[in-house]
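Structures are listed in the sections that come next.
Below, chain A partners chain B and then partners chain C, in two separate complexes.
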Partner chain A sequence: MRGVSGYVWADSPLHRMGAGAKLAGLVACVALVVLASSPLELLLVCALVAALVALSRVGWRSAARSAWGLRWFLLAVLVMNAFFFGAEDPVISVGPAHLTVAGAAQGVRVVVRTLLVVVLGTLLTATTRPQELIDGVRALLRPLARVGFPAEAAALAVGVTVQFVPTLLRESRQLMRAQTIRCGTVVSHAIMRRAVSYMRLLVPIFVSAIRRADELSVAMEARGYRLPPSRRAADGGEREMHA
Partner chain B sequence: MGEMAVEARGVCHAYVPGRQDLRDVSLDVAPGELVAIVGENGSGKTTLARHINALIPLQEGEIRVFGLDVSDPALVWEVRRTCGMVFQNPENQFVSSVVGEDVAFGPLNFGAAEKDARAAAAAALAAVGLPGFERRDVHGLSGGQQQRVALAGVLASGPRVIVLDEATSMIDPRGRDELMAAVSRVRRERGTTVVWVTHDMELAARADRVVVMRAGEVAAAGAPEDVLADEALLEGAGLEPPLVVRAWHELERAGAVRGPAPVTVEGLVSALCG
Partner chain C sequence: MSQVKRIVIAAVCAALCIVLPMAFHSIPNAGATWLPMHIPVMISGLVAGPVAGAVTGLLGPVLSGLLTGMPAAPMLPPMTCELFTYGLVSGLLSRFVRTGSVTRDLYVALIGAMLAGRVVNGVLRALIFSPGAYSLEAWVAASFVTSLVGIVLQLAVVVPIVVSLERAGLVPPRYPEKDA
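Up next, the complex of A and B:
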């Protein structure tokens, strides 16, 4: 069963693993994705990610859900790379656009890397409850607190962001429905019109996110939350009351 | 007269220079009292509520919460510990999607040890009728339950005053009734003072006292039977009397009843059958 915030209820070694270890593993896997350049290396990383998906027992559909949502963006990335990466030995040339084998290969590389990172991120949120994630971030950042990094505030920021994801997703769906009622379905439009429709959605979603963040900051302050001492001293007491 | 839970004297506030969002507002709330503040949008209710919680700086006048001066920067956190605030949209108040974590947020901020904060969270959840909800996901709860979790989040810090700022406006009637029952239980068990900012006249009818705000001023204050039965006063403040009062006045005009209008359903039944 899929819960809010992308968490998928299941019992797997990945679900049982600590959030800190999973976050560190995510960083390591992303490093592997970035460093893999040859087709063989990328294939090996793909195999590793596929093994992790199988190990997580969240299901291929759940693991690929976020990646599927990016299909149009990834297609655009592939096309842009294929036509604008270089001009040497073009297969086809149309004005300033040159379709090259090197460009297409680069496009595939970028798309595969992006897909792998998205699937890895999905795996993390699908196997880690939000609070465990916050605790994991806090544990990972704790050593940095010694050099003045606001680890608590950063962990809280991650938690609040994760906390708002389902709310903003629901709001986005409502806005999309409202737009569909007034302007017809977004999906049925041609690519350019669809892009404009999505852009129109971004503004109200952005405004709503800011309004929610503002209300949350007031509610947090009312419940005694305050900035770490160093920031408080710098800002002054009067500023705190305004926040 | 003993110490007041909330004491406001000559409070003025302007968000923009030249505008008067609050004009010379004075208000007393006795310990243990439930005071409803009603008024149309922009009448200054929320501004006053936020002043009581020291969330906006006081520009003119004086507000004390159990003797604590809200304008004293050294007392800000003590004021907020003494006076908790529940906001309109429950979803915009949560810092964690796990109920227990969210409710323990306040006590931890006020310096409680982890174990004590967890215990306070469990007790607060029980007080609002949600015992054992610590491990639940806030997004899986109904609107009424979410708002009760928000109330528990405030109660966990042990406030002596709770300000509810339009806390029922985004939840369904059943959720509203659940929240009202939870607030009544908290008042009964803890003797907490409640200031309830609302548009809901049926809710205001159940308060000990009603304060009507109009254009940043206190237009009237008194017992619900006196204030909510005054159609002209409420109309002037952009409000409608409770349905019971409107029905009574219609019956009065038809010559079916006489006397002061009841403001609650129970009062109506008593007036008609008693």
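Up next, the complex of A and C:
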């Protein structure tokens, strides 16, 4: 969960940059990652991301933490591509699986692209506080409000989502721990018992989450928060009062 | 229900889209089997309407991909379209299907959304995301076989949760005249 609550304190050009600019930069960098297909192009994008990590001063370990969490998934992607991408000129064949150079190259391409996107996302959250991120989303969406897009509602939704993740995660873990104490670990159960365990777990998680949503919306409305109607939003109308 | 409450419910469900997979991903291959991200999207649509459902379907996977790396980048676009459809269709069906029974309404909306999302996912994969490399067999296997446990879990969990929310007074009842 380091991505959400994992703002890394540092004084770097990336920390000082506006969140809107960082979000736009993230979109541009992800587009570069997707468009890079040859090894040289991928290498250049890797160099760019490495330069951004160095520039951010968050540390290589912090930048790579989310990617490290995906290591088994990425290994599976690499192996699946290497063995099942094609059957032409196999290096080794084992039953229906054929290890090919083209398959291995495709696997490496997919893994490198995924790693780059994950590191870029981690960099954004490590150098931007949640509130700055919300303001950045609002600033980026503001031009769309001129054509009737509900920018304020979208910014509110992103903000509430990001701010609720740590709370709900803590609450879910508490409920899971309580269930483990009562019934043993869910993973060890047979599939039907596991399904029943998840049912018992999910109902309180949802009821608690929606109760929080209800309380928050009541509190916001009681303080006079109103979403601007679309025509006012199109005129650049600001929300009436900050929640 | 006010617009602010709809947006907040959509956002909280999107947050659950990030939280639940983190709990489920401690089990190998649990994401593809238990489909933890689908449940909050459907509940958002059923409880707060099609716009809120669609917002949850968009925000959940995108923010989860950005913040936790799950789903991975190559899986993100088709999954976002699928979840967007789940939220939108569950909300639309929930709004327009009125059989006189809350449970029947919710199951019709839920099953309709589950089918619509899978069809949209299959069509988009076949035409846009994996053109020429996606077969009907692969779609059936991914949509109905691998995820069978997740489908059963959704059928068992989503409607009781929505009914519990109504009973707790957290969302408006579908048939207030019956409760009165």
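The criterion applied here is as follows: the second predicted complex is superposed on the first by the 162 of 243 C-alpha atoms of A that agree within 3 Å, B and C clash if a C-alpha of one lies under 4 Å from a C-alpha of the other, contacts with A are read in each partner's own complex, and residues count from 1 in each chain.
One rule holds for everything that comes next: a residue touches a chain if its C-beta (ideal position, glycine included) is under 8 Å from a C-beta of that chain, and two chains touch if they have at least 3 such contacts.
All values reported here derive from a predicted model rather than from experimental measurement.
A.B. asks: For A:A153, decide between first (touching chain B), second (touching chain C), both and neither.
C.D. replies: Touch status of A:A153: second partner only.
A.B. asks: Kindly classify A:I134 by the partners it touches after superposition: chain B alone (first), chain C alone (second), both, or neither?
C.D. replies: A:I134 contacts chain B only, not chain C.
A.B. asks: Is A:R212 contacted by the first partner chain B, the second partner chain C, both or neither?
C.D. replies: After superposing on A, A:R212 lies in contact with both chain B and chain C.
A.B. asks: In the overlaid three-chain picture, which partner chain does A:I181 touch, first (chain B) or second (chain C), both, or neither?
C.D. replies: neither
A.B. asks: State whether A:E221 touches chain B only (first), chain C only (second), both chains, or neither.
C.D. replies: both
A.B. asks: Quick one: is A:A67 in contact with chain B, with chain C, with both, or with neither? Answer first, second, both or neither.
C.D. replies: In the superposition, A:A67 contacts chain C only.
A.B. asks: Using the touch definition from the top, say if A:L35 reaches chain B (first), chain C (second), both or neither.
C.D. replies: In the superposed model, A:L35 contacts neither chain B nor chain C.
A.B. asks: Looking at chain A, does chain B or chain C touch a larger number of its residues?
C.D. replies: It is C that touches the greater number of chain A residues.
A.B. asks: For chain A, what residues appear in both contact lists, the one with chain B and the one with chain C?
C.D. replies: Shared contact residues on chain A (touching chain B in one complex, chain C in the other): 3-4, 156, 159-160, 162, 212, 216, 218, 220-221, 225-226.
A.B. asks: Quick check: in the complex, which residue numbers of chain B touch chain A?
C.D. replies: So the residues of chain B touching chain A come out as 50, 53-57, 73-74, 76-77, 80-81, 84-85, 87, 89, 91-98, 101, 105-106, 109-110, 137, 139-140, 153-154, 157.
A.B. asks: Which chain C residues qualify as touching chain A in the complex?
C.D. replies: Of all residues in chain C, those touching chain A are 2-5, 7-16, 18-20, 22-23, 26-27, 34, 39-40, 43, 47, 55, 59, 63, 65-70, 72-74, 149, 152-153, 156-157, 160-161, 164-165, 168, 170-171.
A.B. asks: Given the complex with chain C, which residues does chain A contribute to the contact?
C.D. replies: Interface residues on chain A, with respect to chain C: 1, 3-4, 30, 33, 66-67, 69-70, 73-74, 77, 110, 113-114, 117-118, 121-122, 124-125, 153-154, 156-162, 164-165, 168-169, 172-173, 176, 186-187, 191, 195, 198-199, 202-203, 205-207, 209-214, 216-218, 220-221, 225-227.
A.B. asks: In the complex of these two chains, what residues of chain A are touching chain B?
C.D. replies: Chain A reaches chain B through residues 3-5, 129-131, 134, 156, 159-160, 162-163, 166-167, 212, 215-216, 218-226, 237-238, 240-242.
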